[in-house]
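So that we are looking at the same thing, I have put the structure below in structure tokens.
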Amino acid sequence: MLKTPTIVLNVKTYAEATGVKALEIAQLMNKISDEIGASMAIAVQATDISRCVAEVKIPVFAEHIDPIVPGSHTGWTLPESVRDAGAVGTLINHSEHRLKLADIDFCVTRAKELNLDHIVCTNNISTSKAAAALSPNFIAVEPPELIGGDISVTTADPGIVSGSVKTVKDVDKNIKVLCGAGVKNGKDVGKAIELGAEGVLLASGIVKAKDKESVIRDLASGL
Amino acid sequence: MLKTPTIVLNVKTYAEATGVKALEIAQLMNKISDEIGASMAIAVQATDISRCVAEVKIPVFAEHIDPIVPGSHTGWTLPESVRDAGAVGTLINHSEHRLKLADIDFCVTRAKELNLDHIVCTNNISTSKAAAALSPNFIAVEPPELIGGDISVTTADPGIVSGSVKTVKDVDKNIKVLCGAGVKNGKDVGKAIELGAEGVLLASGIVKAKDKESVIRDLASGL
Amino acid sequence: MLKTPTIVLNVKTYAEATGVKALEIAQLMNKISDEIGASMAIAVQATDISRCVAEVKIPVFAEHIDPIVPGSHTGWTLPESVRDAGAVGTLINHSEHRLKLADIDFCVTRAKELNLDHIVCTNNISTSKAAAALSPNFIAVEPPELIGGDISVTTADPGIVSGSVKTVKDVDKNIKVLCGAGVKNGKDVGKAIELGAEGVLLASGIVKAKDKESVIRDLASGL
Amino acid sequence: MLKTPTIVLNVKTYAEATGVKALEIAQLMNKISDEIGASMAIAVQATDISRCVAEVKIPVFAEHIDPIVPGSHTGWTLPESVRDAGAVGTLINHSEHRLKLADIDFCVTRAKELNLDHIVCTNNISTSKAAAALSPNFIAVEPPELIGGDISVTTADPGIVSGSVKTVKDVDKNIKVLCGAGVKNGKDVGKAIELGAEGVLLASGIVKAKDKESVIRDLASGL
């Protein structure tokens, strides 16, 4: 399982992180992770999983899986296929790709059966508690209104982080809790850990940075 | 552009066509296409595009693209990404992955801008006519109730094929029309051509076959 | 709040329960409820709420609310509007109308703020537990594969009923638990109560019955 | 069929047009329509159809119908039900409630079979042409980016109106074309007619107006 504390990068469908550019970011994280021993993972587009897996040792995640089993499901993302391409984990129910409750349950179950790590994203304390009822590996709480913004969730709404940690651990203490939205630097990461989170999930903070290496090193300094 | 008459295989998310098995089918089609000079293309899962593209010369398609531009769209299929992975075309609006009308329009426009061949799937003559209004490369008419079944659309409902061909060509004679659903052998392909179609779109007929090579050769004999 | 034990009828969009026919069923339930003092409620289509409310005293529910606030949402079901039409409660996340987790949370919150009773439907024990985390009034567990069928959930899968009751009460003992799927007669209702449920949610058992009055009386005998 | 030229008001789910307030606006339009002989229709929420129909003579429309037939479809909007409640027409595929192409086709077919007028909303010339292929009664072209704004489509993008009219009439001259987005006064309505449209579809221009009567009279002056 993904070691904690950790930094998980979601590259979304940013032009700056598609194809060879996704690979370059993965390689940069791989180098730094290797150097300083920090746990880092990267979630990439389905098209880019196999290329990244072939070149880096850090865990490569899918950004999404669909609630399906093998069969007639043209163009959907089969959990078996992301694992087959080499992904060791997946995001589930990201703010930009919400799922129905029964489908989150289905995806968590499939991920467990396929030995895929799985980070279920939530938007507040009550949905974090609901997600905890499904006993996933990880829950990442991210207030949607702060995603992609300039102020870290750890500054704008520290209570949602500490509250989610407490609530989730009360349901099942084995679930790891991450937080995300607006996370940009090592100080934000440090604050997340201080609030009880076991890592962060971020995207634009790295993907949109001019000097990605400095940003990643700074983020890692907060672990 | 994909040469016609053609056979387009959609491998869906069948276990028999995921990962290395998708590649094996692509290689088989590549070998036969090379040998007999028939036009064939394969649409594979997003995770498998780059692996297939690296090994075969036949056109590799995506099974789907989402109506998005680069940006914050976690886990969706970016048109640029399937092209970047090496796909030269895509299905749009497959029966198992229907899109809103405005989104089909958006995807067709993006596919054109990215020089991706694009096959818009439809379910009857009137939606074929509507799709034709968007001037895509290809329209593939497939009655949903016959998909995956044992009787070819060319036998069960030949009028939907000839009717779609006529209606589409009346709107824009440059659009190529394929048909699909239940297509299993060379006779079905021959009948499709006879009805005015410029090829077939099929899935289980090949994917579920025990002797895939014989089936592909038989299908190709109908071109 | 809806008194328990209770029988909640969901008339769906059955032809046999649209318009004046919905009203006739509501009147029948009203008469029997009045006569024997049993708690019964009816969930009707949005178009039929005001007509039923005007004629019966039993609680009238909406079948669904959408996760919206007043504004630009053409054709969606505003929680305020069903209340304004006279509904005193609503189903949320029915098997035929599933919602995203964040939207269930939103709808439960809106229902509480508007003093609408709300029955969150779930499909198994783990989603019942997840729904319980949101502290709704009611949870109704219904295995989708048994809905509309001939065998009552209380016979086909009694463990899902008792398990949901136990799990939900462990999270929040104030939440009332109903069960549904295949419920047809008083014996099924009695078994539901015996398994710890505080009532049943049903549809075709009444709507498709030739002699609705007998069926309702029989069901009520099991309370 | 709804007479043209016409003004169609869509009240959406605005607080200012829910329940008795929807009825008050309908009555105001009814009074003015009666006085000056102008064709006007009002599309209201499903919950409000029967109440409006009981009190006004102008045509009452639904804001939406779902692509279903009577049966097990909890909480969806059955075409039969809006007609049964007294609606004589419906919007289909509004910008805020887009449908899949095959579902627009299905809804148009159902509306015709049920003798419901139906206004298919589109977002540009190419989707207007596609919608025309389905031969609906009415097409209303509304650029989504102008909806709810201060500048009328007739000023901001007159070419989309005249272009849609021409394209639609080329496909089927019996289809009536409306336009909408930002329409606020009689001058906008006059310009719409001048561009070839047979009326307008609007919402906030009336619903959000302080003096609704003056606005309606002014709009009608442009017919």
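Structure notes:
Letters are used for the chains, namely A, B, C and D, taken in the order the chains are written, and counting of residues starts over at 1 for each.
In this section, contacts are C-beta pairs under 8 Å (C-beta built on N, C-alpha and C of every residue); 3 or more make two chains touch, one makes a residue touch a chain.
The shown structure was predicted, so the numbers you read here are calculated from the model rather than taken from an experiment.
Shared contact partners of chain B and chain D are absent. Separation of chain B from chain C in touch steps, taking the shortest path, is 2. Across the assembly, the mean Cα position most removed from that of chain C is the one of B. Counting the residue numbers that touch the partner chain, chain A and chain C have more than half of them in common. Put simply, chain A has to spin 180° for its C-alpha atoms to lie on chain D, with the angle rounded to a multiple of 5.
With centres taken as mean Cα positions, chain D sits 44 Å from chain A.
With centres set at the average Cα position, the gap from chain A to chain C is 37 Å.
The geometric centre of chain A is 34 Å away from that of chain B, both derived from CA atoms.
The multi-chain contact residues of chain D, meaning those touching 2 or more other chains, do not exist; every residue touches at most one other chain. Of all possible chain pairs, those that touch are A-B, A-C, B-D, C-D.
Chain A contributes residues 93, 98-105, 122-124, 126-127, 129-135, 171 to its touches with chain C in the complex. Contacts from chain C toward chain D in the complex involve residues 10, 12-15, 18-20, 45-51, 62-64, 68, 70-78, 80-82, 84-85, 91, 94-97, 147-148, 203-204.
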